[in-house]
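Next come two complexes built around subunit A: one with subunit B, the other with subunit C.
For the complex of A and B:
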């Protein structure tokens, strides 16, 4: 079987020749390690008087983001191919320099949805870009924002389509680029407003929240079509519904606010004959049955640090969902020994791979995930993941 | 239905009925009686304890925890001027921040929100807080506890650096340190010598409340 047949067989809950291996976002630091490159972190130039202004201008241009995302994820797909992965998740985002006041230190960007992202540098000099501020804490602010940015929403979709097209054209014969439509409807709703204000508005102005969710759903469906247009066969949707100890919001409230939206998402993807895989961080056992009900084909991540156990998930959902994950990135794929990684891969395969419907991957990605350890993960998967799966 | 305002306030809080709670609070405020105001504050505090229990038992979720905290804060703001002390007595001061290299805000903000509604005075240093800024704030505010949040595995090392610097400057013994966030665990807390690990805002607040009573 080739990589594509292997992935699609697993996605259909059938047994391929061996358990497929998939890469997550693949941080540029890990990509550099695989490719032997040394990328430049632009943040360190922002304080320089002349170069800083040039960098600011670059960060504010559509051209830069298109090029940067393609370069990063082309590198990620090349690295994933070299590591022996069958697929790798690619992500596109659209940013601009944020020119307003910010409550955080560091250079700030805003996205089209009304979030501020702060750019920083970690201990090792790696670039970090993290959500830090909501720009639309009130109904009036949100209405003004979406009106002002209406043309940009369409541009984001066009850019995402061409981004995925270029990746498919450049790498599609060697690895499956997994399309990514994100952030998702839940995150796009609350993060522009802020969690505290969003929660208040859910109770105090439900009609407004309903309008926000409808707007984000309509946008998201168009975005998904844009991502699928280049022939991406598996598309991932990302919405963090959980946190370390459980759901962010009551599952039946999520059902009430978002259930119909998620059903429309799954229906749309299926109408194109594609598969929809949902990413959520956190402890999300209470959503698993909803994922099945909403029509999702699979889930990715299942963070071990949020107490997500692959065997327990399989037991709960059986073969109603394809499971993709969940090797630890807090220790195992950062500093774990070869024996630890081998044992974890073996356990994951034993827990979830019988009958197909399982794809091995790291639980997440960050700059300290080590390429050598990813390589060990692949080698162990090839050793223990040949079907039929034996042992207990 | 009981007419006891104390029970009614607790029920309104647990029903997440802000308008109804503030109506009862308004009636108490109209009485201009410090004892009645103190009773109301106590009732809201009792309600928040139940909120915390429900959250920890998995019956309630972060959204409800946050919204009940907001409602409680609104009520407390109206009642505080009536109290004998001229304001609700603070449970103590807590300095918090997300460690250097980490820009995540949500977990810390939820803790700040809940702990404030539970009566603590929060000094929030923000995100990506440098080691020296934690130490400076500990010296300046002399809090009962210092809380560090860390979502990213890659920035977990900063927690140890703050603890080392607090010890080096002789501030550690008089200060309790609590840590929380997705990247951290109980084992990590023990490893770096923090006093406690909190998986959520309620546990964190309860832990600090126990310290404030020592």
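For the complex of A and C:
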């Protein structure tokens, strides 16, 4: 079996030759470690008077972001191929220099949806980009923002389509690029407004929130079509519904606000004959039945640090969902020993891989994830993941 | 003031020290409640908190006012409302903490901008002098009256560590701050803790205060807002400091916390919280609450505020609910106190609710 057959067999809840392994490589630090390169962290130049202005200009150009994202994910796919992964995710984003007021340090960027991202440097010198501010806390601000950015939404879709096309063309014969359409409808709606204001407006101005969700749903469906156009066969949708302690919002409220949107998402992806895997961080046991009901094919992350136990998830959903992830990125894939990684891989396979429907991967990515440990994870999966799965 | 506790007083030109200008409410609060011979309301509350077989459940009811407690929060609460109270809806203003707010329909005005989103600016930040002695002079006579009336006196925390840090830093930035701005976050927490302790001293100097009560909502409807690890690392040591100081002054520590906080109950017990005040007990469940709390930490609970707003709520259902809340505590050891939710304007309850719930609690 080749990588593609292996992935698609597992996605159909059938047993391939061995458990597929998917990479979540995206951080330049990991890519550089695998490819032996040294990326330049542009943020550190922002304080320089002349170079800083040039970097600001660069960060404000569509050309830069398109090139930077392609280069980064091309490197990620190359890295994942070298490490022996069967697939790796790829995410496109569109940013501009934020020209409004902010009291954040570092470079402030805004996306097309109305949120500010702060680009900074972590304590190891790695580039970090964090959501930091909502730009549309009121109905009037949101309406004005959407009108101002109306021309950009189609451009974002075109750019994303071309981004995924280039990755498929460049790497599709060696590894499966997984199209990650993120952020999703939930995040694009609440993060532009801010969590506190959003949760209040759900009750105080439900018609406005309904309009926001409808707008984001319509956009997202078109975005997904753009991602699928290049032949991406497995699509990830990204919406973190959970936090470490449980759902960010009550599941019945999520159902009321977003249930129909998520059903439309699954229906659309299926109408193209593709598979839809939902990415949600956090403790999400309470959503598992909803994921099945909404028509999702699989879920990814299942963070062990959010108390997500792969065996418990499999027990709860059976083979109604493909499970991807669960390998810890707080310790295991950062500082874990080879024995620890071997034991975690064996446990994950025992917990979830019988009958297919499990794709082994890290729970997430971040710059401290160590490429050597990723390689150990892949090697361990190759050794212990041969079907039929044996052992207790 | 319209006589209902919790109603906002925007019409008053200067609503500071509402208690002084609001004789009827003060009289209602101070009115003695039925107690066995030789015991005061204060004694009954203390027995309940100490699991020392009180003769009845202590209570604080609002419609009509009838209470074993004297709560400063119901009369005057520095730090949140003063500047917005006399303003029209939608008006923007800076509060004492330099947080820009917009007058909103609920009790707490909406936060528009948070002054400490970037905690590297902490050194330039000017804290309000909440511990200035002049703010507490009004309480000397009030506490004396409450003591004469046999009430259990509850002083309100004006700082409210977790609430305040959310306002000052902003919700999303506050979630990231322990990881992204750790030093500044810890410095701010320490400073707010110190300020809380200074306010506690002022209350103690103003009279015989029985308890110090804080309102810090760590729970959302489905779980904690922050992880238990972050709570333990950043908040638990500071709250424990406040609790220790409260106990050294001979006061109980009362903690109001909204949301599903079952994982915090063992922490509260370990930290020495004397009373847990929950307005959404159904999120944890009455049986689970009794199992976790009975004999360890006293509850001072309202009927679940969300459940109370259920359409078509009947008297029978309300009575059954209160029976489920109180049954585990009717064996006589104490550990349960009854409460009406003190912000009735913020929830929609049927007309019979307050009288029927009062009857059921007193049964």
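Heads up, the rule we're going with is that the second predicted complex is superposed on the first by the 390 of 392 C-alpha atoms of A that agree within 3 Å, B and C clash if a C-alpha of one lies under 4 Å from a C-alpha of the other, contacts with A are read in each partner's own complex, and residues count from 1 in each chain.
Quick note on the criterion: contacts are C-beta pairs under 8 Å (C-beta built on N, C-alpha and C of every residue); 3 or more make two chains touch, one makes a residue touch a chain.
All values reported here derive from a predicted model rather than from experimental measurement.
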Quiz item: If subunit A is used to align the two complexes, do subunit B and subunit C fit next to each other or clash?
Solution: clash
Quiz item: Is A:132 in contact with subunit B, with subunit C, with both, or with neither (first, second, both, neither)?
Solution: both
Quiz item: subunit A residues in contact: does subunit B have more, or subunit C?
Solution: B
Quiz item: Is A:41 in contact with subunit B, with subunit C, with both, or with neither (first, second, both, neither)?
Solution: neither
Quiz item: In the superposed arrangement, which partner chain does A:367 touch: subunit B (first), subunit C (second), both, or neither?
Solution: first
Quiz prompt | Which of subunit B and subunit C A:62 touches, first, second, both or neither | solution = neither
Practice problem: Check whether A:202 is in contact with subunit B, with subunit C, with both or with neither, and answer first, second, both or neither. | Solution: first
Quiz item: After superposition on the shared chain, which partner residues are touched by A:250: those of subunit B (first), subunit C (second), both, or neither?
Solution: both
Practice problem: Indicate the residue numbers of subunit A shared between its subunit B interface and its subunit C interface, in ascending order. | Solution: 103-105, 130-133, 195-196, 200, 204, 243-251
Practice problem: Over in the complex, which subunit A residues touch subunit C? Could you list them? | Solution: 103-105, 130-134, 137, 194-197, 200, 204, 243-251, 283, 286
Quiz item: Where on subunit C does subunit A make contact in their complex?
Solution: 105, 110-112, 117-118, 120-121, 171-173, 176, 180, 220-229, 260, 263
Exercise. Mind listing the subunit A positions that touch subunit B in their complex?
Key: 103-106, 118, 120-124, 126, 128, 130-133, 195-196, 199-200, 202-204, 243-251, 253, 281, 303, 305-306, 329-330, 334, 366-368
Quiz item: Can you list the residues on subunit B that touch subunit A in the complex?
Solution: 16, 18, 58, 60-64, 66-67, 70, 100-107, 109-110, 113, 126-128, 152-155, 157-158, 181-183, 185, 199-200
